[in-house]
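Common to both upcoming complexes is chain A, partnered first by chain B, then by chain C.
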Partner chain A sequence: MSDKTDKTEPRLSVFKTYKLYVGGKFPRSESGRVYEVTDSKGNWLANVPLSSRKDARDAVVAARKAFGAWSGATAYNRGQILYRVAEMLEGRREQFVREVADAEGLSKAKAAAVVDAAVDRWVWYAGWTDKIAQVVGGGNPVAGPFFNLSSPEPTGVVAVLAPQESSFLGLVSVIAPVIATGNTAVVIASEKSPLPALSLGEVLATSDLPGGVVNVLSGRTAEIAAPLAAHQDVNAIDLAGADEALAKELEIAAADNLKRVLRPQPVDFFATPGIDRMTAFLETKTVWHPTGSLGASGSSY
Partner chain B sequence: MTIEKRSSAFEYAPAPESRSIVDIAPSYGLFIDGEFAEAADGKVFKTVSPSTEEVLSEVAQAGQADVDRAVQAARRAFAKWSALPGAERAKYLFRIARIIQERSRELAVLETLDNGKPIKETRDADLPLVAAHFFYYAGWADKLDHAGFGPAPKPLGVAGQVIPWNFPLLMLAWKIAPALATGNTVVLKPAETTPLSALFFADVCRQAGLPKGVVNILPGYGDAGAALVAHPDVNKVAFTGSTAVGKEIARTVAGTHKKLTLELGGKGANIVFDDAPIDQAVEGIVNGIFFNQGQVCCAGSRLLVQESIHDELLDSLKRRLSTLRLGDPLDKNTDIGAINSAEQLARITALAERGEAEGAERWSPACELPSSGYWFAPTLFTNVTQAHTIARDEIFGPVLSVLTFRTPDEAVAKANNTPYGLSAGIWTEKGSRILAVANKLRAGVIWSNTFNKFDPTSPFGGYKESGFGREGGRHGLEAYLDV
Partner chain C sequence: MPTTAPSAPPARALADVTASDSTLRRFLHGLPGVDAVGLEARAASLGTRSIKTTAKAYAIDLAISMVDLTTLEGADTPGKVRALGAKAVHPDPTDRTTPTTAAVCVYPDMVAVAKEAVAGSGVKVASVATAFPAGRAALDVKLADVRDAVAAGADEIDMVIDRGAFLAGKYMKVYDEIVAVKEACGTSARLKVIFETGELSTYDNIRRASWLGMLAGADFIKTSTGKVAVNATPANTLLMLEAVRDFRAQTGVQVGVKPAGGIRTSKDAIKFLVLVNETVGEDWLDNHWFRFGASSLLNDLLMQRQKLATGRYSGPDYVTVD
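Right, the complex of A and B next:
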């Protein structure tokens, strides 16, 4: 019978269409372009969107729209959401181990170590959301009758060029500090290994993270980064994934609206991070108010 | 009673501060490696008193070769200076703070002569803050381990610093004090219209016994500043000045390892709600825009007043402006001094004319301007919209643009509708409104029910195109540490 012969055939798997993650949705590139992504041995893995300048601009609009609510959320709430990302990622551990192994040519054990470290990184930053203000802010003992308080605030919309080699742990290590403090992000995935980043979008979408807080684009880093570096509504840029020549070019473009620039630097992503990647995208706001003195009629200033 | 009569009812006899306390030499050199020296190409420029156009002195003008020499001197001094125990560096800075206190009357008169600002301000604001700034950072020099930047944070090396003319000695203090406390050495370029107090500071360094090369002072023009910023052996660039130049500097240091901090322009909103104490608000508005003739990056140059109290507030404000005394900056009664230069006066004049041309309504109190020097009467514009140039561009002069709003949301939206983000003011008796509005304003310094307050412990600096990095407080150390 034909039924019996069918059973010996291997089941044809269902491929995933990898798409961008912008404004909480999963669009294709508006350009209709894709490029081929292969594993470290050159085997075809997927066709992924080759984002255009327009996709970059759309992502900035989404990130700006999300900024008010995300920066205005309580730090406790942001911490819970980042922790939720870790929970969701843990549940998809096997998928990410496979994708990281394919992308970076790692053994299953090594890829698992990468994914575990990435999950733990979300947990680490989840705990930071409601502590960073006390570490970098505080009252200032001014020489006069004034209450004076400095507090950190998120810079705004941050363009993030994710590391090219460490396509997942590196990626998480640059996204989490940006959003932990209330910024929103437009992220350019590793050019040759974008699949873990695009899959992370699916995790973020199911982690109570409001749409637009993180937007993930795949494509040619230089092509997408140029309009982001020059964009007047982007407040800062992390150049982690840029080579020396591109970093210089982007830093020059970023000067047009005085973006905060984090230059590329060697990072051991397995090591516990410092707070630098958070403070790079924080402003300090200092508020003064007279304390006056208590007279017969109460306070005065 | 008319406004004119009211002001004439309060005639004051002149009470000029004596200038004999300061001895200005006919010429000054560059201060490099502990010595005063001529410029390599022998160039000099004159510095004048803006209130009289009198030439005060002739000053050597630094060029590229002098920048090279100064950077080399700072580099040579760096190894020893950075290796000194923090407690020893601290004592040098404490000495400097004390000497500035001792010489503060002399330096106040000097600053008033070279800058044109009232002696009341140099005496009561600039100089006390200068001394306090050195005293504050002195104390950090041996406590850097506890500053939150990890154990034994390292200095960067040679700091190239370029400062403006509006607070010459105070900006010098903001730059040099944290740089030295953290173990860096310095090459500083003062503005071309106000070089003298920096050169007197060189003498303070001499009196303090500061090792040669630790501080180098290069009077000069923009080309010297550009050469300093671009110098390959400079590790740190700090600039206070215009946003346009700040952007140029950011491009120059792109792709290098130089650490950069920028304190740039502003278009500060001073927001007055209908429940504000009017008299106090008026004092704050006046202080916000007429302190230092409005030549202040954090000036409250846009007054946002709630529509329901617009007329009442403007009446009070005009009455108060009519009592301001403009004239000899050395007179202790003077509220409004001279504009710093002919060039700045031309810029203010042009922008004010543009305000009129675009349809805003101009008003100044009756005000006689001296016949020589650079002067501009306190000016306010009403019927200003957000589209007007005078509501968008930094004027850097005694010109206030008045806009109105109806709701707190509208006030916040208008206040934030600028590429700048340095300062803002809030006037209201309702505490929760202060905090809610302060929370939404995108600016680095928010003064509520006060304005233009400064302190060495309080971080100062902007959001957006007002620059990045903070000066003052623990935050101010970061700019000079390799962290």
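Right, the complex of A and C next:
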């Protein structure tokens, strides 16, 4: 029929509309604003949402709503879901290699190495979900007839400023430890290179991860981070993507409701991370239970 | 402000309407049909108004003062009702400039407890009655229910209409029941008539029920019990606001409106206030004439109020858990 003409006519381009990932849905910014994202050479890649403080507020509401079920899920179940994220990511490897190469100006081979490391990072943290309690919790010997037990519990809603330079491996390295232990996260993507983060939202949406556990916002880091740092319903903030001046300002705002703050520090994201990023957002619950003989009669149980 | 007393007798202009079953039916079915698409579009377009800064602060305080703080659970205990009463009197204990709510709304057996909890604060006690929420009981049982609540000190009675009779077309039966309940309320209690709009199926029915309730002497018309799937919506509330506006134009009697159920956020509440202002005007922007039947709404209003006062977003850790 029209086979011949189909071959000669060029196809119209189908551009992807990058959107936020909030509460398991893909909204545009409430403000209706977008900004241009370019590759490392300055070529236009896409328009992405320029989030406002109201988007940040909505994301916190979504994260709070998701916290009960996610923190209450068994550690084993969380591990399975995180592993599932790695599986889904592996299936979209080509897309992420392209996006990371564009964003960070890497060769295809180097970008592939970054994506592989990011997938492996998910697997690594998936394994930790049901092991962290043995490492940082356990029975404590105390000077009295008590059985004394400490167990780590997630802090709550964590605002995460993703690293500005490492747009994908760095991003995964800050999100995965936060949610592995049962926290929920509001993530501000790298300001200059948000595309891998927004695409990660699409992966998370298809990975059995309940909506709202991870919420991804793109926009001006300083603009979105300020209301998050001051937000009374955010329990902790990871300042990985903040420069020195911004970090100081946010840390002051965060002190108001005694948020846990993880200060920015130089990190080699290719190295095996250690458990610091998990323990930074854990609380310790300790239970004292009487043991041995009780009272004058000498009864015991 | 009100130009007529709420307990004025049914208007003379419409006196012959309720003379018999057939005149009542003819009147109610003679009301113009509702343009459903137009109604919903109007309600939706009024919901897009942007209310900011000082107007928002005013709206939030007004909305707080209009809340009928409600607990209607089988598990209600005297302790829970007392806690609710304390919250109605001081919604935000950290900020005493917060207005009190309009009323607490409880089951009849809890009226005495609620009355004690809000004593001296000006907060009213409303009680649901007449076999709430289904309204399926004999008339004397319903009246006994009402008298109990009034005797215990209820300032307001929220009755449910007999939806079965209404849908079967027995308008006179519904009318007589409202009149009888109104009489049982006496002069001390205001009567709110609940239509359960979610069970009336059509907008035309909601308009008819509104007129029927007002003809029978309701002081307030109320959308729903909060116990069914569809509760207060902007569209059905707009329709009822139009009914009270037209009723006052014809008879001079002002009737209040109370949307109830499903209003959970400040944003929603402010949309309803816009509906009120644009449909019936400032005369109704007062908790004597407009109420929200809600429980979780109050916490959201308080969080928004804290946000306006401090500039940072508040959270559920800073309001009381109901």
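Criterion: the second predicted complex is superposed on the first by the 283 of 301 C-alpha atoms of A that agree within 3 Å, B and C clash if a C-alpha of one lies under 4 Å from a C-alpha of the other, contacts with A are read in each partner's own complex, and residues count from 1 in each chain.
Definition applied: a residue touches a chain if its C-beta (ideal position, glycine included) is under 8 Å from a C-beta of that chain, and two chains touch if they have at least 3 such contacts.
Not measured: the values here are computed from a predicted model.
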Chain B and chain C placed together on chain A: clash or fit? fit
Exercise. Mind working out whether A:Thr284 is in touch with chain B, chain C, both or neither, as first, second, both or neither?
Key: first
| Does chain B (first) or chain C (second) touch A:Ala230, or do both, or does neither? | second
In this superposition, the partner of chain A with more touched residues, chain B or chain C, is B
* Touch check for A:Val135: first (chain B), second (chain C), both, or neither? -> first
*Which partner does A:Gly91 contact after superposing on A: first (chain B), second (chain C), both, neither?*
neither
Check: Which partner does A:Gly127 contact after superposing on A: first (chain B), second (chain C), both, neither?
Finding: neither
In degrees, rounded to a multiple of 10, the angle chain B-chain A-chain C between CA centres equals 80
Ask   = Looking at the overlay, what does A:Phe146 touch: chain B (first), chain C (second), both, or neither?
value = first
Taking the superposition on A as described, I'd like to know which of chain B and chain C A:Gly105 touches: first, second, both or neither. neither
Practice problem: Name the contact category of A:Glu251: first (chain B only), second (chain C only), both, or neither. | Solution: first
In the overlay, chain B and chain C get no closer at Cα level (Å) than 5
Intersected contact list for chain A, partners chain B and chain C 256
Per the touch rule above, chain C residues touching chain A in the complex are 306, 311-318
Counting only contacts in the complex, chain B reaches chain A at residues 132, 148, 150, 243, 246-248, 250-251, 254-255, 257, 262, 264, 280, 419, 434, 438, 443-450, 453, 455, 457-461, 463-465, 467-468, 470, 473, 475, 483
Within the complex, chain B is touched by chain A residues 135-136, 140-144, 146, 148, 150, 155, 235, 244, 247-248, 251-252, 254-258, 260-261, 263, 274, 276, 283-290, 301
In the complex, the residues of chain A that touch chain C are 57, 60, 64, 227, 230-234, 253, 256
